[in-house]
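One structure below.
Chains: A, B, C and D, in written order; residue numbering restarts at 1 for each.
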Amino acid sequence: MYTNDAEIRVRYQETDQMGVVYYGNYYTWFEVGRNEFFRSIGRDCASLEEEGVFLPVIESYCRYKEGARYDDEIIIHTKIQEMTGAKIEFHYQILRKKDNRLLAEGKTVHGFVNRDLKPIRLKKLHPDLWEQLQACIEGK
Amino acid sequence: MYTNDAEIRVRYQETDQMGVVYYGNYYTWFEVGRNEFFRSIGRDCASLEEEGVFLPVIESYCRYKEGARYDDEIIIHTKIQEMTGAKIEFHYQILRKKDNRLLAEGKTVHGFVNRDLKPIRLKKLHPDLWEQLQACIEGK
Amino acid sequence: MYTNDAEIRVRYQETDQMGVVYYGNYYTWFEVGRNEFFRSIGRDCASLEEEGVFLPVIESYCRYKEGARYDDEIIIHTKIQEMTGAKIEFHYQILRKKDNRLLAEGKTVHGFVNRDLKPIRLKKLHPDLWEQLQACIEGK
Amino acid sequence: MYTNDAEIRVRYQETDQMGVVYYGNYYTWFEVGRNEFFRSIGRDCASLEEEGVFLPVIESYCRYKEGARYDDEIIIHTKIQEMTGAKIEFHYQILRKKDNRLLAEGKTVHGFVNRDLKPIRLKKLHPDLWEQLQACIEGK
């Protein structure tokens, strides 16, 4: 279940000459949703990075149903789908606010690394964060 | 087999504060590879659009192995993996030129639509282009 | 006097490897401020384009004082500085919300054109919009 | 006199729904031209940053004459216009290759700072680079 929301408005810069949002820009919106997700649980990605926890993307996927258009208000749903000691998977839904229509959905998979991009064991280094993220996984 | 090459150099704008290329930007590179692919078979995407053939992305995926860095020379391999009456699937490899290392690989799936984003039958409307693309599919 | 506000949060995608927002991205923020400006006077750029009024940029300028950073909340002030029959000039201020510090300021100058990018006389074609914009100019 | 050239091809991602390149993207092209400029004198920006020399932009300007379009081949001319102990100013011209038409021109002004974004005296720290840049200024 998606319980977290971020809201944005489509920028002119994000459109392309087909008159819809360029396909790669949905991944930026996923990032906005992810950031908002962390904020909703009292964390923020900027602080995590200051503490030396980086979450580089190792896989990303998006399925497009209908193009978002300039000035559309967009809702981004984000949830944790799965987490192991080495990685975490987020799922996203992109909806058009005015009619709640699903425009796109996708996922990103992230590793846990330090500033030098070396893998870290989040469970050991940040057990509190680990527990908190675990608690966000559906059905747990 | 990937037989087509595009070459680019990583722009500062494409990096993020992790010091590597932002994950969404690889999709722009896929687009550059795709464009170069069409050029290599004597076509170009700009002309296709003028003729009313648009290829909006309906699915995209990328797996990241190592981050591209500012000023890296990048090679983009592109091939058609599959094509049906309704859609076409491209595969991509992103390599660092200096050591030929595979940094990322992925795919995009595209529908065939007209200027109004309505589906078209490419085989009927552009049989010559259709034949040409068919001939690019491996093993055919 | 700047009376209009847009608020955004810095995206990871907008940073570069210097750890601050890439200089070109402030121009996207100017666009966001401009869009919000039109909305604040009961207009929106999307509708204007549907009516055939386009405002391509013919000049842009930005002065950077301090770099915006990831996750910063940003306020964008926008005002009309000047307008003639052929063009309109907007001024912008980019502020960091938490301490109201001015990070950057700049301007854009726009022509009035139609869908084919041919110049139009806004005053004649849209006298109501023209009057409304005039009323926004300071000291008038 | 502009003696240095970079060449790029307009990406789909760089266009917007007006069918031309989004105005902010020309600043990315200026960056590409600047990078190529350094390479042409045997330097590269990536190495400069590794040595602790950063050139954040403190001012930028662009005047747009005609919109670049998707797939256009673009030539970027870059030159140093001026340099003082504290900053350096580059000028740029953006030309369409097929007819050598000037599409846009602009400038960027950069400070000399270290990794912590503190001002440095380039002349003292890197006299060789300083001399080399001086020699590039027209009329010197």
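In the analysis below, contacts are C-beta pairs under 8 Å (C-beta built on N, C-alpha and C of every residue); 3 or more make two chains touch, one makes a residue touch a chain.
Note that the coordinates shown come from a computational prediction; the quantities given were computed from them, not determined experimentally.
Spell out the chains that contact chain A while also contacting chain D.
Output, common partners of chain A and chain D: B, C.
Can you name the chain that lies farthest from chain A, using the mean of each chain's Cα atoms as its centre?
Relative to chain A, the chain with the farthest C-alpha centre is D.
Considering B-D alongside B-C, which chain pair is linked by more C-beta pairs in contact?
B-D
I'd like to verify one number: the distance from the centre of chain C to the centre of chain D, where each centre is the average of its C-alpha atoms, in whole angstrom.
One centre to the other, that is 24 Å.
Averaging only over C-alpha atoms, locate the centres of chain B and chain C and give their separation in whole Å.
34
Provide the C-alpha centroid distance between chain B and chain D, rounded to the nearest whole angstrom.
About 28 Å separates the centre of chain B from that of chain D.
Among the residues of chain D, which are close enough to touch at least two other chains?
In chain D, the residues touching two or more other chains are 12-13, 17-18, 20, 24, 28, 31, 49, 70.
Could you draw the chains as nodes, link the ones that touch, and say if you get a line, ring, star, complete or other?
Here the contact pattern is complete, since every chain touches every other one.
Which chain D residues qualify as touching chain A in the complex?
12-13, 15-20, 22, 24, 70
Inside the complex, what are the residues of chain B that reach chain A?
For this pair, the touching residues of chain B are 17-18, 20, 23-25, 27-28, 31, 49, 54, 56-64, 67, 108, 117.
Within their complex, state which residues of chain C touch chain A.
Per the touch definition, chain C meets chain A at residues 9, 11-13, 28, 31-32, 35, 44-46, 49, 69-71.
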